[in-house]
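Quick notes on the structure that follows.
Letters are used for the chains, namely A, B, C and D, taken in the order the chains are written, and counting of residues starts over at 1 for each.
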Amino acid sequence: MAELQPAPSSYSSDEMMTVTAARFLSDGQVCFVGIGLPSEAANLARLSHAPNVVLIYESGTIGTRPDVLPLSIGDGELAEKAEFVVGVPEVFAYWLQAGRIDVGFLSAAQIDRFGNLNSTVVGEYEAPKVRLPGAGGAPEIATSAGEVIVMLRHSVRAFVPSVDFVTSVGFGRGGEGRPEGAGRGPTVVITDLGVLRPDESSNELTLVATHPGVSGEEVRVKTGWDLEVAPDLAVTDPPTDQELEILRDLKTRTEAAHSG
Amino acid sequence: MESSKQVKLTTLRDAIATLVPDGATVAMEGFTHLIPFAAGHEIIRQGKRDLILVRMTPDVIYDQMIGVGCARKLVFSWGGNPGVGSLHRFRDAVEHGHPHPLELEEHSHAGMAARYTAGASGLPFAILRAYIGTDLAKHTEMATIRCPFTGEELAAVPALSPDVTIIHAQQADRSGNVGMWGITGVQKEAALAARTTIVTVEEVVDELSPRGPNHVVLPSWTLAAVAPVPGGAHPSYAMGYSTRDNAFYTGWDEISRDRDVFDGWVEEHILGTEDHVSYMESIGRGEGIG
Amino acid sequence: MESSKQVKLTTLRDAIATLVPDGATVAMEGFTHLIPFAAGHEIIRQGKRDLILVRMTPDVIYDQMIGVGCARKLVFSWGGNPGVGSLHRFRDAVEHGHPHPLELEEHSHAGMAARYTAGASGLPFAILRAYIGTDLAKHTEMATIRCPFTGEELAAVPALSPDVTIIHAQQADRSGNVGMWGITGVQKEAALAARTTIVTVEEVVDELSPRGPNHVVLPSWTLAAVAPVPGGAHPSYAMGYSTRDNAFYTGWDEISRDRDVFDGWVEEHILGTEDHVSYMESIGRGEGIG
Amino acid sequence: MAELQPAPSSYSSDEMMTVTAARFLSDGQVCFVGIGLPSEAANLARLSHAPNVVLIYESGTIGTRPDVLPLSIGDGELAEKAEFVVGVPEVFAYWLQAGRIDVGFLSAAQIDRFGNLNSTVVGEYEAPKVRLPGAGGAPEIATSAGEVIVMLRHSVRAFVPSVDFVTSVGFGRGGEGRPEGAGRGPTVVITDLGVLRPDESSNELTLVATHPGVSGEEVRVKTGWDLEVAPDLAVTDPPTDQELEILRDLKTRTEAAHSG
């Protein structure tokens, strides 16, 4: 009873999201990577068009080239395949804070129209509706990396007019702009529906591309504010056969390793 | 070859009983790797209360300790079940005050790492470029400080010097010197910052011999107790000795969602077992341990 | 497998010619072990001038560079010939302004180490408990700063971020990643604090493989140039490759005491040789090098 | 033509000095050691009555047990025989500053009646008669170690009423006492002639013992101030045969290794 294999040209919205994010990485860039979709995207980039991308995980594994995706930020695979491993204080002081990171990936439970991110609480801080995991490395990735790529699935619960708590700053509560000396911040937000970019003058996230088959209106409906749409709204190139093959091989290897 | 300053190898039970008083500030560190689970279970078994638990990444072991009511406060930077999702006992304590309210003090990872580093360095505070533009600054212990040379405003965080730090490592030699390697997180700093440090180890060896990168040594004279507890990091792992039990982490989501299921699990597997060997047998992971 | 960010292996001559301008602030570190002597000789050969030389432990190589007039200022914490005595060219410059006056900025080792650490961390300053009760405080760049939590007064020192840091290491791989081990001093911090970092290495290998404790890696993308210079630390040493030439250090006392003897020695052995191989031959240490 | 071997009961004043200093170390103490006489004394202690003394050199070698004495603070021998090796920033921050050192050894070019030490300049700072090597690790050893043992050969040039420059603080220029929270400071000064200790009320260095064959008057003549002599002036026990044998073996091994 072999499982049905989709044709390479058929793909999920998560795959489209991962492939899109991977394309934003250039060869040789130094990336600070978190677990989940960012890790998938960064490793897909490394295994396809950006073989010399340098991946740093906050567990202290520098220049790592895992064969399978880590389930946790501290999987043994990351240490075994790293160029070297350092302690956590060093990774934050000598590597992130010192400005050696070109691209940081972030996700969050909420994002607002000015790219501010919340991974702390839904509701009031003192009496939260949902207590989220908290900041982790995010606040300093947001301000110490050269630029930030945000990956987040689209929903009105996630794309809110104003976040309940600013865990990581985008362009500020009022869209006033980036803190001084803090890098370019979120240059792109990649979702399962499309791609958003901050408007250069207003700092407001604007829909600049939708994934194939997604309309601008659908994205607007799933966004909690009156989303601006670029006049020249583009359509993302669908995943190539090669991109899909590399990504699926990676995920197959990963599942085999983690269930083993 | 032993002097008064050198630590004696002991048992985990004795170390927890004699060195972890109720009300203590206790840091149990381990960045996914080398998490001192067995020590956490022993703290639960001995019914410790009113602890201030400190940890960058409180995960399942702190979920268990919070769930049984060991902790009155949590100092942390990221509280989740890595790769799985929420810590349900932690959320229940914060969102509903069950089994009792849990005070929170939260930082970013960078802030916590700097706090431990200051503690290990004998300084009262650390400076870093952090919390810029966030709401965290309003909800955490920090101050701003101006560089006397450039005028730049930076964050200052107070040193973290736990009463007790507990970590798990791969090896100790017979004099109680401890060696660990792989992802060592903030353990060296947490150990050196504490007044009292307890280490559980996979193995006692004649000579420390790293089998991986980033070898870190803690000399015996910085430690209060070293206890051999093979497999003591389970379901976390010890590079060179074990692999991560991902199924346990995934399964914890189900156990921890429901208060009664959780209470029953603790009763059967932690309170109902004598030590780490019998705990591992009771959860069906007895092979190869002990 | 090379990208634009990865350093190209080059020659020492090219690295010094293209990356060390007159007037630069240059740190050449090495704590007795792994001192970049060959690079210092090449700087002398190329007649660099007005350098601000930085180094915790200026020893014989800085004595030579100061003696020929490369430096206008020295930033340091201990200037002597280790185990032998004075640096006579350094003393002649400070005591008699020969060959020209040398401006001094001095710290303690702890202060210098903290300054480099701040530089490597991207911070404008560092805090430490230092200089208490000394006259150094009046003669060095420092400030006092008060802990916002405890009120304790501490020393603040400005970050040190050299224009160029030059170090010697045991190994580089073919992509230019550098590995060193043994006593690594402050080299990692000095390398990461600099705008431009040059590394000379004993050997280029397929894979970095430490043959001693305390392995430190500097990835190629943090470096500007890597040049193979076997024996490039002589008379200092490279653990796993060479031993310290103590006779050279002892003999230096005699050579450096007299201005003319010193000038003649430099003329013959440094200016009169093309590169490190011919230098080593000219001083009678040609065997086994190159 | 065998060289004349002195009988074990015959010894030099430097040997007496080293043996005396070694005796001040207790087993299990953690010592921060410099090159030269302190290194000789600390290793003699380790090889005789204090096998578990922990020796830390500022080069980052921790718990080292060298077979031969190092010529420099960074000899390979120290790294090869160390329990572990760390970087120099760590040795000063995590090990010295954190207060983990029981005993620090210091030497200097000048010492004054209140135990202040000078290793920076003889004469004016801006126009020195002799430019000395400078501070090195000394200022923080003087204030971060639990106590300080000073080793210095006796002469009026070295034992001065007031040092030209305070590189490392003893009891202050005016003998006003130790800085707050800075450890006990110089508890003992060991010379080739005898032993001095700070007076508990005046903080002034006082001669408490002379080595065998040395008179209190001889020490006073070689001291640049009007040296107080304890009423119960003691005489140091001469080196035992065992102490001399261990020390001479160590020095013989050392010479063979360094000339090799």
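Basically, a residue touches a chain if its C-beta (ideal position, glycine included) is under 8 Å from a C-beta of that chain, and two chains touch if they have at least 3 such contacts.
Given the structure is predicted, the values throughout are model-derived calculations rather than measurements.
**Q** Can you list every chain that touches chain B and also touches chain D?
**A** Looking at chain D and chain B together, the chains touching each of them are C.
**Q** Per the centroid of Cα atoms for each chain, what is the distance between chain A and chain B, given in Å?
**A** The separation of the two C-alpha centroids amounts to 29 Å.
**Q** Calculate how many whole Å lie between the centre of chain A and the centre of chain D, each centre taken as the average of the chain's C-alpha atoms.
**A** Chain centroid spacing, chain A to chain D, equals 58 Å.
**Q** For chain A and chain C, what's the span in angstrom between their mean Cα positions?
**A** Here chain A and chain C have centroids separated by 41 Å.
**Q** Considering chain B alone, which of its residues make contact with at least two other chains?
**A** Residue numbers touching two or more other chains: 122-123, 128-129, 189, 213, 215.
**Q** Which residues belonging to chain D are in contact with no fewer than two other chains?
**A** Residue numbers touching two or more other chains: 84, 93, 97, 144.
**Q** Is the way these chains touch best called a line, a ring, a star, complete, or other?
**A** Other.
**Q** Using the contact rule from the top, write out all pairs of chains that touch.
**A** Chain-chain contacts present: A-B, A-C, B-C, B-D, C-D.
**Q** Where on chain C does chain A make contact in their complex?
**A** 1-6, 120-123, 177, 189, 192, 215, 217, 219, 221-222
**Q** Could you please specify the touching residues of chain C with respect to chain D in the complex?
**A** 31-33, 56-57, 76-80, 82-83, 86-87, 90-91, 94-95, 106-110, 113-114, 116-117, 128-136, 139, 182-186, 188-189, 212-214, 216, 237, 239, 243-244, 246-247, 249
**Q** Along chain C, where are the residues that touch chain B in the complex?
**A** It is residues 122-129, 141, 143, 145, 147-150, 152, 154, 156, 158, 213, 215 of chain C that touch chain B.
**Q** Tell me, which parts of chain A touch chain C in their complex?
**A** 27-30, 51-52, 54, 62-63, 83-84, 93-94, 97-100, 144
**Q** State the interface residues of chain A toward chain B in the complex, per the touch definition above.
**A** 35-36, 58-61, 70-76, 78-80, 82, 84-89, 92-93, 96-97, 120, 125, 128-131, 133-140, 142-144, 165-169, 172, 179, 182, 258-259
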